[in-house]
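Take a look at the structures listed below.
Common to both upcoming complexes is chain A, partnered first by chain B, then by chain C.
Our next item is the complex of A and B:
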């Protein structure tokens, strides 16, 4: 079932939780609502479910206006963050709940309910656990019971609130893969909320990045990662280096550098911030345009090397390079190298854009190095 | 150094089983201090609680079992027991319903004046029971606001069973509500929302989800409420009028018997109330021991 959301607003007292959300969700899609806490992602999910009354706006399921429908009438499968399993019921009774509470005319008979429960137990791979109580299950098993319970009513749309939030890393990874497979097999339109960018990028077809009650960007996982529309999206999908720069005649110059670092795209002139991820830098030869930088620190973890660099303007830069083989040269502290951002985004340095960026990361100044000014600090200053 | 190695655990797995005091010199006291403190506590409990309780039974049985049981043959005593059971039998279910409603309203809805309502529920705890009784005299008494209307319709409230029931309900109102509110606040509303999203009606949600979730807390509240309802003296004393065989509850009857120097019957009825207290205490302990996790440890009366 495709879902259309138009100009949805939600207030909690004086707090404007959703500020005009417009979103189209295609039938059968697996969509992630991604954002920091307080961004309104869970509120939007609950609004779709009918658990939050709306001040303004419309939500359509297919062609029917669902805005005025109660939560019961909307027939959505909602999986709560803490699962909300009924503690006093067995797994089978939990799953059957949505069928058993139906009006007598619409209720399947006991045999049909039992058959449906068995099918669902098989689907979520919990066969044989039907007589257990929720307290006797692991976190991952509870999660799957909650999912089966939501699927039992053959929902129009499946809504998952932080589906892996309460699980440990290993289970989370397995369950993610499994959920992706389940989605492929069942084809339910699925929307899930997460604050974990990795989870969103791995699981979803499309990602909705939200911030302060608004949608920052909607796109496929590739689009939001490779072409972030706003500094916020860039920042949220990784910890970028932010370098001050300037655009003259459509070309981007780093502060204190006379060589442009990009010749392809055309940008409007003015002061800019250049956003580049640590793994988007390349070490290049001296004759290639780039940045001369001094190595302050090297740190190798397995197959990656993380370099902390100091560039001419006094900024520090974090870059992350693959360590391909043991014979490869390892850079030493104090060495001067030339680096070039292979991929980066340029955002005009204006107050409005910057206020949408999340709070700066904790200060990462390196003790004893004499460098007191970090990227994060710079960003905070640039905003004022 | 040798001290540390002597007390340090060789096997970390055994650590939780060792008494904290011996392991942690910082919070432990000298042995004589410990013994004195424990001794004082036991002596106090024995002297102020156990001894009076025993003396009640001793006095009741002082002239033998025959005299003890004979004291229950009096019509007045039987009527007092009956009235107590009636009052508790009405007050407890009424407070069960009110308590559930109040706890439901407070924990599941957001509304203006919620804090005020919580304070109001606690009112019977803070108001003297005598005042509670007087309130009903002021409302339903001959000179009260509603008194003339009721007497015109030939309904007796004060100095009759309805007044006793009302006073009992007033005094015992907080027990169930106060038991349920923290429990239901802790449980939150996720379960209810899940049930609603699965298509359950409000009533089905209450019956199949909310009630089973709070049933042990509810039972615990009912026990406490019942004990207080049967034992209430002050408020009931004001509205009852002490008419023997008609408006005397067990506590009132005990006082009258005692004032008449009928010690054996007085203590026999008292022993019945004391037994009730013991049964309640035992049931409460069993519930606490069995369902400790479902009874939030935040409220004690």
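Our next item is the complex of A and C:
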């Protein structure tokens, strides 16, 4: 069932939790709503389920206006973060609940219900646990019971609120893989909420990144990871290094460098922030445009080596390099190296985040460049 | 020899428990219960035993005593049942909804705890007497409350209400909203959600509240004697009969009734406790 969301707003008193959400969800899609707490992701999920009444906006299930339907009529499978299992019922009764509460003429007979429960138990790999009570199950098992219970009603859409939030890391990994497989097998349109970028990228077909009640970016996992549209998205999908820079005539310069690291008409002119992930840096020769930095610390973990560098503005830079035999090289603390971001995003600088960057110093070697150039000084110090 | 005895000695010493203070706290509990509860109650049985079995039997099977006992337990039972239903509703309202004056009403619930019961009895009598505010309205309908068994039930309901509300409230608060929402997403209508999801979850607390309200009702004296009219065999409760026997210096008779009340109460509370354990196991 495809879902169309148009201009959805939600207020809690004075708090504007959803600010005009427009979203199209394809049938059979596995979609992640990703964002920090307070971003509105759970509110949006609950709005789709009908658990949050909307003052404004429409949600369509196929061609049906779901906004006019009650929670009961929407037929959504909702899996709660804390499972919300009925503690006084056995696993089998929990799963059968949605079928047993149907109006008499829509209710399957007992044998059919039992068969459906058995099928679902097998699907979620809990065969033989039907007589147990929720208190006798592990967290991962409870989660799967909750899922089976939601699937029992053959929902139009499956909604999961932080489905793995309460589980430990190992179980979470297993369940993720298992859910992906389950989705492939059953084909339900599935939307899940998470604040864990790794979870979103690993599990989903498409990711919706939300912030402050708005959608920052919608895209496939590759799109949002490789081409983040906003600093927020970049920031949320990893821990980037933010380097001050400038764009002139479509050429991108790092602060303190005279050679552009890239050029293109699409870059915003003026002062910019260059966002680059630790693993997107390369150590380059001194004649290649880049950034001179002093090694503060090196730390090797298995196949990767992590360098903490100090750059001229006084900020530190974390870079993460593959540790390959061929280029085996040990950088010494205090050594000065030149690094260059191989992949990066450029965003016009807003606010005062980097206003404390060093004032442009006059530099004889680049007359009138106006670009801060304390690197030479830096390098000199590194040699001493 | 001594080298073998040493480790054996150490092994004989009981292993330390993880939770400290078992000895002192248990000792204190036994002492406390003995001084406050067990010894006085044993005194009741000791006094009553002076009658001998036959004497006891004669006192307890007297029609006036039987009537008083059945009235006390019956009225307390009905009142507790009423409280279990309506106290549950009150608790639900307090937990689930916000409305103006909620805090005030919340405080009012506790009044029966604090109010001298005689005051409650006088107030209720004034209200329900044939010329009282409520009694006036009920008289044309042929309903008499004051000076009847109905009046006793009203008084016992009044004093028992906070017991149910205050035991159910915290449990109901812990029934996560999630459960109701989960039931709704699965297609359950309001009624099914209440009967199949919420009630089973709060049932143990309801039973506790019922037991407390019932126990309080059985022992209640102050509020009842004003509204009951106290006609022997009709509206005379067992605690009043005990007082009357005491006034007549019939100490043995009084303790005999008291002992009977103790035994019946104990058995009933035991049954309720078992019921509760059963309900809790299912929850």
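Keep in mind that, in the parts below, the second predicted complex is superposed on the first by the 342 of 384 C-alpha atoms of A that agree within 3 Å, B and C clash if a C-alpha of one lies under 4 Å from a C-alpha of the other, contacts with A are read in each partner's own complex, and residues count from 1 in each chain.
Please note the rule applied: a contact is a pair of C-beta atoms (placed from the backbone, for glycine too) under 8 Å apart; a residue touches a chain by one contact, two chains touch by 3 or more.
The shown structure was predicted, so the numbers you read here are calculated from the model rather than taken from an experiment.
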Inset, instruction - Check chain A with both chain B and chain C modelled on it and let me know: fit or clash. - result: clash
Inset, instruction - Return first, second, both or neither, reflecting whether A:234 touches chain B, chain C, both chains, or no partner chain. - result: neither
Inset, instruction - Could you look at A:78 and tell me whether it touches chain B, chain C, both or neither (first, second, both, neither)? - result: both
Inset, instruction - Name the contact category of A:275: first (chain B only), second (chain C only), both, or neither. - result: neither
Legend entry - Touching both chain B and chain C, residues of chain A: 49-51, 71-72, 75-78, 80, 82, 84, 86-88, 97-98, 101-102, 149-150, 152-153
Inset, instruction - State the interface residues of chain B toward chain A in the complex, per the touch definition above. - result: 190-191, 193-201, 204, 208-209, 212-213
Legend entry - Interface residues, chain A side, partner chain B - complex: 49-51, 71-72, 75-78, 80, 82, 84-88, 97-98, 101-102, 149-150, 152-153
Inset, instruction - Sort out for me which residues of chain C touch chain A in the complex. - result: 176, 178-179, 181-189, 192, 196-197, 200-201, 282-283
Legend entry - chain C-facing residues of chain A, complex: 49-51, 71-72, 74-78, 80, 82, 84, 86-88, 97-98, 101-102, 149-150, 152-153
